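Each structure below is given as structure tokens.
Here come two complexes built around subunit A, the first alongside subunit B, the second alongside subunit C.
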Partner chain A sequence: MATGVRLLGPPLLGVAAIVLVWEAWTRVLAVPAFIMPAPSRIVLRFQDDALVLGGQLAWTLLEAGLGLGIGVLIGIVGATLMAHWLLAERALLPLAVVIKVMPTIALVPILITWIGYNLWPKVIVAAIATFFPVLINMVTGLRAVDTCALEFLQSVGANRAEIYRRLRWHAALPYLFSALKVAINLSLIGAIVGEWFGAEVGIGKVIRQTGLKMDMSGMFAAIVMLVVAGCALMVLVGWIERRVLFWHASTQPEGEGAGLQWLTG
Partner chain B sequence: MAHRLIARYRGVVPPLVLLAAIVLGLEVLVRALRLPSYLLPAPSAVAAELASSPDYYLANARVTLVEAVGGLALGSVIGFGLGALMARSVFAERVLMPLAVGVRVTPIIAIAPIFIIWFGFTIWPKLVVAALITFFPVLTNTVVGLRSVDARTLELLRSLHASEWEIFTRLRVPNALPYLFAALKVGVSLSLIGAVVGELVGAREGLGHVIDDASINLVTKTVFSAVVALTGMGIVLTEVASAVERRALFWHESQRSSHQ
Partner chain C sequence: MSTVFKAATAVESADVGTAAHVGTSHIALEHVAKDFETRSGSLQAVADVSLAVAPGEFVSLLGPSGCGKSTLLRIMAGLTPPTSGSVSIAGGRPVDAQREKRVGMVFQQPALMPWRTVLANVALPLEVNRRGANATLRQSEIVELLSLVGLAEFGRAYPYQLSGGMQQRVAIARALVFNPDILLMDEPFGALDEITRDQMRYELLRIWSAARKTVVFVTHSIAEAIILSDRIAVMSARPGAVREVLEVRLPRPRGEQLESSPEFLRMAEHLKALLRPAGASIPGA
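This part shows the complex of A and B:
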């Protein structure tokens, strides 16, 4: 309990300070709502819209989840190839970097022309956004094995598949989770970007349409919903990580500031 | 010298072969299926488009480049400043880090239209978007870099009565430089994406505007040309950042190549 207050107190203080200044600023200067709505207006609007926003968010989460699944799968398979086969790394890694540098957002309209106004353009964008951190971390993780353990396994005649399953995979798991913490938000952002240029449902569509109508409080209510979902997903990944990696040093609490590690990942 | 050239050449060949195979495959696919240009333009058509109006693409690329580099500079200064504050005080970290994470998980494209309303069709919305995207990696790497100093060197400096400022400039900042360059290498491509996002929501020039304009009119080959130009810019900027890193960090072990 006391540690909970110690850890959650300061961030809540920071948020409260910002909300107060924001509220005071909009009231004192009488800032019109279409430029910057006061937090109190956003909260009221959020209460009104919560159910509708929740339904829209569910679609976005579905798109992001499918995209994340595909992206993680591509990342793991690609990293497994690269970690075992130098030519694959030499040929594929620069290509992966090119895909990463490419502004995916520019290709969304084209994807929609190809596939239509359905779920899949959003899933593809989310997958493109998420595969890179997983790939990079997995390549590092699959190689970061303990040399003694590797030599021991080789000396007892373990083949590459056994070494992969019993040693490399476990060594890579901490790296995979730290990539997942980045990727989970990237998948949400990817789904939103996919919805931006044409969607019938989704929280990105809500943000776009309220923005076009200059309905700022509706827009901020949707953004708040999204940020809350993003933070909740990050906490969820951190929780699963502590469950799965209970044996690894990175999940052990240590000293000051350790409680915020799940945030910075 | 010759050895290094050959080593570099050998590293470049496999990706180039793969890239050439993909480009060739696309060309054959488009020609064999007679795909209309608005669905998928042939690579040769994209190359011809870029070659036919280089001035148009160069002028717009310059606009985007200025926005991206300006935004990166702004984001780096903010990220480093906040990072230095957080590295110094755990309380500041506890207050500010969740806010920074909140900014990071917010899809910037969702809030970009607000900046257009605030700042109008000027360079500022693009700078702000690029800065918002780039500040986070700089921030986290600054915190880690400033904190992870060698304990014995720190004790030595303290025993010589070095002031906190001297410790900061002579030990902590040099120690943080490799982390900062790692963040900058991520940041250059992010800043380009930020500038394009800023342009997509409202601009009169820049490659993002070119893409927006062309995709509304279904001129797909222009969209691809702009994307190719942006990707090229991203690769060049990342290489520039790496080159500056090699110059500035010649003393650091991360810059020693493993085969020497």
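This part shows the complex of A and C:
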């Protein structure tokens, strides 16, 4: 219990302070709700809309999740090729950079024209947003293996596939988890950007429609829903990371920022 | 001691003190040289090294950093080919000796896989060579290897839970898992603190007396070379070459009292003089 307070106390205090200032500001200056709703109003609206928003969120999470899965898969496969064959790196890395720097927002109308107002344009945008950090981190991780460990495996006759399986893959996992923590948020943003341009369901659609109606509290309620989901996913990835990478220095309880591990992994 | 080491006991009767004169050498290097291509041209790391090691013999390669002793060891391990000269390991090419699992290697770093338990680390060479004929060592035999290196209780521990010295002992057990005839050790205690290092020398002697292997041991520590070796090949740098091969005529088993004996000190003085760069003067000497 005491450790719970020690861990959760400071961040909750930080959030509480901002919420209080915000509440006081909107009340004292009597800011109209269609410009900036008070936190209390947002909370009430969130309570009213929670079920509907939850349904919309589930759809957005599905899009983001599928996109993240595809992006991670592309990133891992691409990094595996690039870490082993210089030719693959020369051929694929510029392509990856081109795809990455293309403004995804500009892609959405094209994708919708091709595929329609369904799930897939959002999934593709989420995948494009997520594959790059995974690719770059994994290439680094697959290469950053201990020279002695590599020579040891060679000295017992391991071939490249076995060195990948027994050494490189494990050595790259910490890098993969770092990339995942960035990619999770990118996948959500990707899905919402996709929904922005036209969707039947999804949090992105809710934000756009409430925006058009100047329904600020509805919009904020949707954003709160997204923030809660984003935090929950970060905590989940951190939790998985600490179990998978129990052997890695980054998961040891000592060290800087250790108290916030539950949030940042 | 166990079934694991049966093959090695045959060589135990060899008179290690005079092993150099026995005709059947386990490791034979003849005029071995190694060049590395660098941006500023070719760099000779090893120049014309000839060395023979008899079965069961413990030979140290002693020299300063950059004298090519690690390169020489990697040539013996088949990890890199020599530029010229011939290398015979257990009667064949280094690559063949490696394929037949006649050679075990220990590196400067333990190079354990941190995500594997100690047991799984020792068993890793077997997993890599699952298709090999020799790959059916049972769990109990791995535990036996661990007890040989004094870690019987730590099979389920992870490397990060062990000290540096214990990790290096795991690496030694892992090198012995195929029961090789030859053990190549590349400054295995170089990364340890002085106190652990002192202990590990005698620990290695104990392991060696239980599982008699032909050992080539790379070191830059004079004391380490004297305590462990039957013979010491003193190397000079740039390019790496064997300056002199010394026989260590100190009785075995060797203990810590050896380090204060007059023979030990005389030998250490001699080696120190040999390792001194030609023409260098020592202030105050």
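Keep this in mind: the second predicted complex is superposed on the first by the 258 of 265 C-alpha atoms of A that agree within 3 Å, B and C clash if a C-alpha of one lies under 4 Å from a C-alpha of the other, contacts with A are read in each partner's own complex, and residues count from 1 in each chain.
FYI, a contact is a pair of C-beta atoms (placed from the backbone, for glycine too) under 8 Å apart; a residue touches a chain by one contact, two chains touch by 3 or more.
Everything quoted here is computed from the prediction, not taken from an experiment.
After overlaying the two complexes on the shared chain, residue contacts for A:K100 are found with subunit B alone; subunit C is out of touch. Look at A:I192: by the touch rule set out above, it reaches subunit B but stays clear of subunit C. Between subunit B and subunit C, it is B that contacts the larger number of residues in subunit A. Using the contact criterion defined above for the overlaid structures, shared-chain residue A:W114 touches subunit B, although it does not reach subunit C.
In the superposition on chain A, A:I35 makes contact with subunit B only, not with subunit C. After overlaying the two complexes on the shared chain, residue contacts for A:G14 are found with subunit B alone; subunit C is out of touch.
Of the two partner chains, subunit B is the only one touched by A:R90; subunit C is not. Overlaid on A, the two complexes show subunit B and subunit C touching no common residue of subunit A. Chain contact summary for the complex, subunit C toward subunit A: residues 74, 77-79, 98-99, 101, 103, 105, 107-115, 124-125, 127-129, 158-160, 174, 178. Here subunit A touches subunit B in the complex through residues 7, 9-11, 13-15, 18, 34-35, 87, 90-95, 97-98, 100-103, 105-107, 109-110, 113-114, 185, 188-189, 192-193, 196-197, 204, 207, 211, 214, 216, 219, 222-223, 226-227, 230-231, 234, 256-257, 260, 263-264, going by the rule given at the top.
On the subunit A side of its complex with subunit C, the touching residues are 146, 148-149, 151-158, 162, 166-167, 170, 246-248, 252. Listing the residues of subunit B that touch subunit A in their complex gives 11, 14-15, 17-19, 22, 38-40, 90-91, 93-99, 101-102, 104-111, 113-114, 117-118, 140, 143, 189, 192-193, 196-197, 200, 208, 211, 215-216, 218, 220, 223-224, 226-227, 230-231, 234-235, 238.
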